[in-house]
């Protein structure tokens, strides 16, 4: 495989980073001079001419943006994410936080059994979930927002139907306990096996 | 003859079987499988403590199929419908071998960290226009969803317990067979196997029977080819202090 | 200004959305047919040939990702959430799902010859496997995720070594055909349990 060109390297960084980078930072990352970066940016600009993407410059910072003629379409994409119905996984995460929150992400994932970082981000974007000030075991904790509670017509989460029963559910407690850093040791496991099979 | 079999840590019965075959540098065929049948059974017996309880039944199923294949070679008329069904073990193991080999390649790809990345998503709050409540979500829907989440957890929370109960031990089967022989003196193989509910129970029954034959607690007789096998008590008193050895 | 081409529109959506889109959703957003989208994706793929970006596919979803040769560089500017070694059982389950997915849990177990519910749950929590919306014979079906595919640096599962051979393998068909479509009912299970534990 040929070594990637400098243009291509800068393109990768701007694309994945999805934020403004200074020319200096790009030079450091690619281990080249400022002048090399400037030249590569000019080259890149030409390559992008017939695409939907362009380089936007502000001061000595550069970033990729979509061209203005696609503005309407892009707005639609963003609105999709913020408005509209919740996907099933999002609704589940929201429900778990309402009944059993506040929880850390690993705790939510333990209950749902599914990776949930993007879902949490979306719920936060919609103002339904917020990150609390404090943390547990080094993990930020999340809960539903007051806006959401009020939207449901409630004064607090404890007004949810069957709140106490569902909140204290044993299944939930059991899987959360599994998160504890001390699972059965091998010896204990072997012991359990022996008892059952003799 | 003391034998020590050295195998790497294994993940399941097919893995163990594959390691035994590959160590002997054999191709996967019916014949090579019967060659390692004894080693497999000996290994499972020796390692029983280290096999997770929820997996023991899976090991027993394969052990029984191996023993069955072996006994079929010695006694061609010894046919059990339950154990005849499905793809043969050699086919299954060859398939498993292909996936294991492919997984080594995937592991290499995973570890060389030749990774692609999507665009980072914008920091959350910069996009938050305002509170955007989900249409149609009510407290009743939340209640319903929470109940579904909880119900789904039930099997997860109870897996070890359920799996432990699933393991039908050979000892139990031997006891059951002994009890029935005490009552009836004679029993046919079809009759004994007829009460099983699933494949793992069938194979355990079969193993239990072989064990009793080997230890001379019962005798088996087949009058004619294709006729059912009769099981008769030989020395049921020995049942009490029988130490099942698996096969 | 000329009307933007369909290629260009799709490029804008995938770029700005920064997440996987189904072909169907792309068709809706651009108000064209599924076939038009497929053709435009092919065209786009050609346009991207010498750039740092490629189209990645998983099932009927597509997204833009950087090419694997830029991994080292890009790793310095973005966080990778799914690092870490894969255990042997994880690898086995992932391999089977990557080549032969989507599959139900009994199907995976039939190939592995061993219980796989815990390993599947772990893989889902790591974001490497996901449950699909549809089901087969009342069983949920699973497949590998975008994150898994892109972590291998592939455009799609069909880039896996010997993909056609392993995917189309007749042995797989035979082994899976053997699957009992009717697992024990709850009542039968309870009954079996009772008998076993006396």
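Letters are used for the chains, namely A, B and C, taken in the order the chains are written, and counting of residues starts over at 1 for each.
Keep in mind that, in the parts below, contacts are C-beta pairs under 8 Å (C-beta built on N, C-alpha and C of every residue); 3 or more make two chains touch, one makes a residue touch a chain.
It should be emphasised that the depicted structure is a prediction, and the values quoted were computed from it without experimental measurement.
Colleague: What is the chain whose Cα centroid lies farthest from the Cα centroid of chain C?
Modeller: Measuring from the centre of chain C, the most distant chain centre belongs to B.
Colleague: Return the chain label for which the distance between chain Cα mean and whole-protein Cα mean is smallest.
Modeller: Of the chains present, the most centrally placed is C.
Colleague: Taking each chain's centre as the mean position of its Cα atoms, how many Å separate chain A from chain C?
Modeller: 19
Colleague: Starting from the mean Cα coordinates of chain A and chain B, work out the distance between those two points in Å.
Modeller: Measuring from centre to centre gives 40 Å for this pair.
Colleague: Could you state the distance in Å from the CA-based centre of chain B to that of chain C?
Modeller: Once rounded, the distance between the two centres reads 28 Å.
Colleague: Of all the residues in chain C, which ones touch at least 2 other chains?
Modeller: Residue numbers touching two or more other chains: 15, 18-19, 64, 66-67, 69, 74, 78, 121.
Colleague: What positions in chain B touch 2 or more of the other chains?
Modeller: Each of 117-122, 156, 167 in chain B touches at least two other chains.
Colleague: Given the complex with chain A, which residues does chain C contribute to the contact?
Modeller: By the definition above, chain C touches chain A via 1, 4, 8-9, 11-13, 15-19, 29-30, 47, 50-53, 64, 66-67, 69-70, 73-74, 76-78, 81, 121, 124-127, 130-131, 133.
Colleague: Where on chain C does chain B make contact in their complex?
Modeller: Interface residues on chain C, with respect to chain B: 15, 18-19, 54, 56, 63-69, 71, 74-75, 78, 80, 85-86, 88-89, 91-92, 94-96, 98-99, 111-115, 117-118, 121, 146, 150-154, 160-162, 166, 169, 171-172, 174-175, 177-178, 184, 188, 192-193, 196-197.
Colleague: In the complex of these two chains, what residues of chain B are touching chain C?
Modeller: 11-15, 54-55, 58, 62, 85-87, 91-92, 94-96, 98-100, 102-103, 105-107, 109-122, 155-156, 159, 162-163, 165-168, 172, 197-198, 201
Colleague: Could you list, by residue number, the parts of chain B that touch chain A in their complex?
Modeller: Listed in rising order, the residues are 48-53, 56, 117-122, 124-125, 127-143, 145-150, 152-154, 156-157, 160, 164, 167, 169, 171.
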